[in-house]
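If you scroll down you'll find the structure; I have some questions about it.
Here the chain labels run A, B and C in written order, and each chain numbers its own residues starting at 1.
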Amino acid sequence: MWAQRRITLDPRPRGFHLVTREVEAALPELREVQIGLAHLFILHTSASLTLNENASPDVRRDFESWFDAAVPEDAPYWTHTLEGPDDMPAHIKASLLGPSLSLPIRDGRLALGTWQGVYLCEHRDHGGARSLLATVWGQEA
Amino acid sequence: MWAQRRITLDPRPRGFHLVTREVEAALPELREVQIGLAHLFILHTSASLTLNENASPDVRRDFESWFDAAVPEDAPYWTHTLEGPDDMPAHIKASLLGPSLSLPIRDGRLALGTWQGVYLCEHRDHGGARSLLATVWGQEA
Amino acid sequence: MWAQRRITLDPRPRGFHLVTREVEAALPELREVQIGLAHLFILHTSASLTLNENASPDVRRDFESWFDAAVPEDAPYWTHTLEGPDDMPAHIKASLLGPSLSLPIRDGRLALGTWQGVYLCEHRDHGGARSLLATVWGQEA
């Protein structure tokens, strides 16, 4: 079976946000799959998706601190500055984390580890709503 | 349906290069797919693939600047130096960006966001031609 | 055809470890696939998977050096410090490299480049055994 859906995520502040439940709720087709995959793809180049610790808000705050230190807005070498100081770092961060997640499905559910959650990584100061294209495929139950 | 093809990309200088059209043109099978995925896989460990902004050449130049600053050729800790100063940084950059892209297909085309393009990331000074193994699968139209 | 298997990797010291053969040996289903994909997914948030040079142990040692320098344990901005100084850097490293690899299958084997090998990236000092969920699917021979 194959299903594909566009999911719109509400605007969020710059930072790392747990969206596992929101994404699962938007994909009722997961329940039909015994063994399969879900591919989550963000249709933007200044926001990204990753998988990480789903319990402590500290972890998500520290993600923002590390990425801001590693990709500084005031680096002397930026030439693409027309869209604001947060834009070019956002592009770099987006590629470091990547635009997609491929997640295994088992018995009608995302088969994640106990501590794994889906993060929406918003790298812009005012990124607005973000769109995902989700594709689910696999062997039916 | 399933298709798999080897795509050879001409040698390019060190840096980030937009190859979306070249890759699409090499995959006529995309047109047969209603809902599916395209997996692009680079068969090398010193070049990589990413998805980012497809309009401004500035962005691609700034990618090169950031990666060169973040993974310096003259770091004191490199021990794998036999293949030249650009080799070990190339391996690190390749893993930061990753060897593959999984892209959704919708109605016979890659379903990318408006500003998304496929980058070949050439991390060596003289990387030569680069080979991709592309796999396309999905539900036929 | 579809197959899904849990693979347990023995505890390894902090660092980068070549596990290609171990993973292939755990997936006899690869031999049944003519064209397909193998998805390797690590069920943890402080270890990761990547693909890189399979020959020189130097390369894997230099990976550890770069990641330790780029994500320092003593950075002043960490707030998630309860689980030890190696924990929060492990989360960042895990997301930089990613929790999964999607590898093409051709004629019953992983279709990797000559120099490509699968790395288990152990980012904790005492990470213990690590579990992968591997999914194999494709067109049968």
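We adopt the following convention: a residue touches a chain if its C-beta (ideal position, glycine included) is under 8 Å from a C-beta of that chain, and two chains touch if they have at least 3 such contacts.
Quick caveat, the model's predicted, so the values are computed rather than measured.
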item: C-alpha-based rotation, chain A on chain C, 0 to 180 degrees, nearest 5; value: 120
item: Proportion of interface numbers common to chain A and chain B (over half same, under half different); value: different
item: Inter-centroid spacing, chain B versus chain A (mean Cα positions, whole Å); value: 20
item: Residues within chain A bordering two or more other chains; value: 70, 96, 98, 102
item: Of all residues in chain A, those that touch chain B in their complex; value: 2-4, 39, 41-45, 70-71, 75, 77-80, 88, 91-92, 94-96, 98-100, 102, 131, 133, 135, 137
item: Touch list for chain B against partner chain A, complex; value: 35-37, 50-53, 56, 58-59, 61-63, 65-66, 69-70, 96-98, 101-104, 106, 111-116, 119, 138-139
